[in-house]
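Note that chain A is present in both complexes that follow, paired respectively with chain B and with chain C.
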Partner chain A sequence: MKVTRRDLLVWSAGAAAGLLVTPVPWKLLDDTSIWSQNWPWIPQPARGPVEVKMSACTLCPNGCGMKVKTAAGWPVGVAGVSSHPISRGALCPLGFGAHQLNWHPQRLRVVRHGANPSTWIEARIAFAKACSEGPVVVIDGYPGRAASSVLQSFSRRRDGGYRVVLGLETRALAPYEAWSGVPASALGYDLENAKTIVSIGAPLLDGWGPPGRFTRLWAERAAGNADPQLRLIQVEPSLSRTAGRAWRWVPVPAGAESALAAGVARVLLEEHMVSARGPMPPLTLAEAVAQTGLTADAIRDLARKVVARTPAVVIGNDDNPAIAALNVVLGATGSRGIVRRSKRAEPYVSADAAIPGARAIIVDASVPWNFSPQTDAEVFRFAAWDGGSSRADWLLPAPGFLEDLTDVPTAPTFAFETYAVAPGLVKAPHEVQSAAQFLASIDSTLATAEKNIHSRCEDLFRGRAGTLRGQEDTPVAKFASIQKLEEQLWKGAVWVGEAPHPVTLRCELKEWPSTVPSAHPENWSTTWQAPVLPPLATKLYRESNLREAPEKRTA
Partner chain B sequence: MKMSRNALVFGFGLAVALVAGWVVFPRLLYVQKQQPLEFRHKTHAEKSGVADCHECHAVREDGAFAGIPAMEKCASCHSERIGESKAEATLVNSFIKPGHETPWLVYARQPANAWFSHAIHVKRAGLACTECHSTYGTTDQVRVYQLNRISGYSRDIWGHSISRLRRAPHEGMKMSDCEDCHRRHNVEVGCLGCHE
Partner chain C sequence: MSARYGMVIDLDRCTGCGSCMMACAAENNVPSLPQATARTGLTPMLVRKVSNGMEGIARRETFIPILCMHCEHDTPCVKVCPQQAVEVDKATGIVMQMPQRCLGCRYCMTACPYHARYFNWWDPTWPAGMEKSLNPGVASRMRGVVEKCNMCHARLHSAKEKAAASGKREIDLADYVPACVEACPTGAIRFGNLADKNDPASQESRSPDAFRLLARIGTEPKVYYKSKEAWVRALAESSSGPSLKVAPEVQHG
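Let's look at the complex of A and B:
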């Protein structure tokens, strides 16, 4: 029998039809898709014992508790710690993907001088020369750490200055520092006992403070309730996620926040809704109506809602004295609302102002990438990732996520003191140094960050106050030795101080403050390049709208 | 005549494809590998008095599952040869005395981006070991490890049935299997529950 071309075609058609009812196409599709995930150039964690280590996030000053899963000693996953007193199990998208950050393509791996690669030796020689020629200023973005003490000590010895770049949450507390003399870093918000919170632009549910703090409070006391125990009134131009979930949303145009605060304060004082604790705002209600676009009745109604259920506190998103003055009028400064959590804090000098007369400036890796100091001095900038900082003369590779030992002081805005330690869990794949390590190597008489952490643990032990919260809660007074205390801190426990004493924060406010923006936009780059985000965070971050893009914030 | 010839040829092609797809393809796709050691769950249960799976496959203090026990556990009984079998000699001479871990081929090995918590399933959900592992704990030999030549994973991930039809509840460890089981038990888990 002769096999014709037609036979071959018919046979092929039969075979093709047959294949479709076999597992071949579907199984091949499945297997090749898995195969493509395992190409040899795709990094894979080493095979080895899987362990879970407790630590704290060091990417921002909030210090959320983290469970870090390691495979063969390398972090492969991060999760929140539900028993953590600050974060209560929550993490931001950046924190969830933090273990991927160390492998980010924008990781700074070599020393750079201008646009050229250089070496640590050359950087050290250049810095030593600068030190011999004039004052050295140090800029820190995460004050209060053991490493910050090293930076402060160095700047004092070099006749320079220690400046800080504070986050928006801490800057919102700056007016109280000016009026009471208590440093903003010693103040916090007592949200846990508040019954009404008026947020004037603060993204309370979108990335304000530790991610788990207000979101958990809101979930427990407000979510899905038409008359919630915790009333959140959001004042904001657009229907943000926070505004959408708030008990009431009050839309006012951007820039009219101070007028609204003044209008509400005037109503509160004129209608004797509060005992007078502050000066009458010069702005009339009619002027407030004109600036905010709200009706006079709407402003009166807002004032009534604010005092209907107390304690009430007003939270701004930046240094706005009018909002702070409204809190003074409300009596929300002292035992309720704005509280003093610490007696030991010291005031900081902001790095926003121009820095004249310095020969060199050290910028710590904790300073945001888009901040550039206004100076003619030679800038030595430490960074784990090159976030597009083009104005530094020297870029020096700093430790990445959990690559060095650091401590975690109290989170900004928190109502009581905390202290934790984040041990170095990972060895850096190339030579890195933090600013504190670099300065300690220049001046060997400086105490290292490790020594400072040990000293702080000694202080906690001797103070006998507070509780260590780890797998179980243990009062510090019950620890038999410093070593035991340190051991627990190293294992992820958090020291939590006593509740703040109910003393009134005396704010001397003789007249209603004029509203002057405190930020210096020239320090903040508006041409920030692509942010350094781990792959996991990129998708979550972009979809969650957790933080505004910097150009929006400074516009 | 022409019609019947075409049907015959078509049918022949169909039959060849069916045989190739259902019989030849699975044999080509999987390569059979022997485990580095013989291990008998049944013997250990009967002779050593190991009554409970958790005695060897424990959940550690930190909540992580210890998986296959480390060599130390084996060495606690097998520091010296107990029997005369070849496997016993291999265990003692090749692994315990030099201090090497046994390179077991793990049937359940998943990609690095997937995370499965035995602790949650056993302690919180109260699942018995047999619900996923069937009666493997009472068998008298370790199974042959079938390696998928393309994906590099065990056949146990897909399940023994190449069609994935009429599988036993404990067969298959693909994401859809996790989802099916969670749906059956009405337990919701977000993406980050398994993909940290």
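Let's look at the complex of A and C:
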């Protein structure tokens, strides 16, 4: 058969038309689109066994329980632990991006001396020289840990001092320490039994205390109710997140918080709404009206609302004695309100004051980055990230997020004693070490943090008090061995102590304290310790109107 | 029986903390690109602050999480997609976006009345080493495609695998919780099967305080909101849409 040009054209056209009804061109198109999205420069997640491990967030002293999902050994996601007695399944927004912090571009990986790169050997030589020449002061931002014991022991042996940078929540408890003799670190707020909470500038719904504690309480007992079980009254100059969600928002100018506290106390005492437990404030109601911009009726109304449902407690945002005195007038110290949670705590010396006479100062990585000691001594600062503008002589790279075994003592503001362990889930790079490891390498007679954690577990076991709360609650007395107890703590269980004894906190207040201006509440950074934010948090600043960017905050 | 997965977001409980946004971005491997802005960034879950427009003591503000509404009826993005890259999954009711099919024409973004779709203007990048922290259940998407909330489909897959491993055909809803729902510290976001009348989310969606955004256009979203505040409910039918009624200022200090 002769093949003509016409046959060839017909066959070609038929083949082209037939091809369209086969899957071939469509499959090719599909595959092209898939291939075009799998270019080698597009990062793909690591492959490997997926596991879920328990630990605790160590970015701030609240120590929220954390479930960490790992793939091929790397943390790839975090979530809260619903059975955790402090955080109750919640994390702060920053916690959800914390697993990415170890790869932050500002991660410190080399020792720095001034602006120049240096080595651990040189840092060790410089520190040993400083130790031989004078006292060494150690500054801690997260006291009560096993690592803190190492820091404390070292400073004691070197005739230096152990100073602490406390968060605003703990500083707000300082007046009670002065009036009762009980250290502020042993005090907490009994929020769970309160029916009225007056917050004077404290961002209760925005970073105050463990994120799951008050937000959960508020959600269960107050949110969306016109007449809630838990009345939250927020005193604040502007409509903040907490003010916007409070049962009542009382706007007063910044700096007038003490005057309002004095005005409310005067009304309570003059109108006999409380049994007289404190001195009459020197400020008259008219003066309080002038300073706060509220009417006398508004202040009287606020006083009535405070005592309408008790127990009531007033929470300030910083060390403001007038706000603390209002609690004394209300009788909100001792059995309800401000409670003593621990008998063992020791008073700390604040690092805020000038530090004279020291030859060197060690600043632990837990100290907030914006803190600078007032000193002429040589400063050795540990940090996992470089937040910029450091005034330290030596910047020493410390372990990052979950790279180091640590323990979690009681969260500030919590009404019960607690204890947990946060196992390190990631192998730390070889070039980093913590302040406790550094000091233990200088003085080999110091107990390491790991040994201190073990001895604390032994203490809990021997004490036979409290309960271990995890997937199920187990009284400590039921544990047959210390190993079993430690094993549970390593798996994310939390030891919770027994209820505080009410009569162990008595505040003696002879005269109304002098007025001091309160610190302005900070946005989202009340307890944030790390010098940098997770990249996803900075994304949130840039791409929504939800939060103020850090550069605007510090400007 | 097919499910209709949906959410009820109680706006009176939302404190605008942003945990849902962070958890969503971490779960879905959304990159933090320094060049991205509010117009060009990817925020499958975006919490917006809105106000009643008053000043002083009369001012009220609330936060509205905006995500894909997973429209049930006449789904606008499905209708306009020339590539069949968007479809409503009949088994779950989830509006699925398939980046592999997407050619980036952005018709769907124009069609979406809720502004809940985002275009990848850049290839995803992370600081060196940070790719190790990516969720292995979710592939990263390249530039030139549209993406949006898919109700954490990777978690649905995991729940299905778990159910299959134990010989069940239906998933246990306790195993399928989207990241934003899990992260919310006040429990403001309730997730469930709206087709199941006994499901708590389904019951809440029928409460008198529940509403849907732009309900009048008839797309039947599967994301419901709840508020006792009349001014908040009124925003839902605002002609400019709630996503545009945003308080201009950022959070008070």
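Simple rule for what comes next: the second predicted complex is superposed on the first by the 474 of 555 C-alpha atoms of A that agree within 3 Å, B and C clash if a C-alpha of one lies under 4 Å from a C-alpha of the other, contacts with A are read in each partner's own complex, and residues count from 1 in each chain.
Keep in mind that, in the parts below, a residue touches a chain if its C-beta (ideal position, glycine included) is under 8 Å from a C-beta of that chain, and two chains touch if they have at least 3 such contacts.
All of these numbers come straight from a predicted model, not from anything done at the bench.
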item	value
Partner contacting more residues of chain A (chain B vs chain C)	C
Which superposed partner A:Thr32 touches (first chain B, second chain C, both, neither)	first
Partner chain in contact with A:Pro45 - chain B first, chain C second, else both or neither	both
First (chain B), second (chain C), both or neither touched by A:Trp103	second
Partner chain in contact with A:Ala79 - chain B first, chain C second, else both or neither	both
First (chain B), second (chain C), both or neither touched by A:Ile121	neither
Partner chain in contact with A:Asp206 - chain B first, chain C second, else both or neither	second
Touching partner for A:Val24 - first (chain B), second (chain C), both, neither	first
Which superposed partner A:Gly244 touches (first chain B, second chain C, both, neither)	second
Contacts of A:Ala13 with chain B and chain C, given as first, second, both or neither	first
Overlap of the chain B and chain C footprints on chain A, listed as residue numbers	30, 34, 37, 44-45, 50, 69, 71, 76-79, 96
Chain A - residues contacting chain C, complex	30, 33-34, 36-37, 39, 41-48, 50, 69, 71-72, 74-80, 89-94, 96-97, 99-100, 102-105, 205-206, 211-212, 215-216, 218-219, 223-224, 226, 238-242, 244-245, 249, 251, 520-524, 534-540, 542-548, 552-553
Chain A to chain B touching residues, read off their complex	6-7, 10-19, 21-24, 27-28, 30-32, 34-35, 37-38, 44-45, 50-52, 69, 71, 76-79, 96
Residue ranges of chain C in contact with chain A within the complex	10, 12-13, 15-19, 21-23, 25-27, 29-30, 32-33, 36-38, 41-43, 46-49, 56-57, 59-63, 99-101, 103, 123-142, 145, 182-183, 185-188, 227-228, 246-253
Chain A-touching residues of chain B, taken from the complex the two chains share	5-6, 9-18, 20-22, 25-26, 29, 62-64, 111-112, 115, 148, 150-153, 158, 162-164, 192, 196
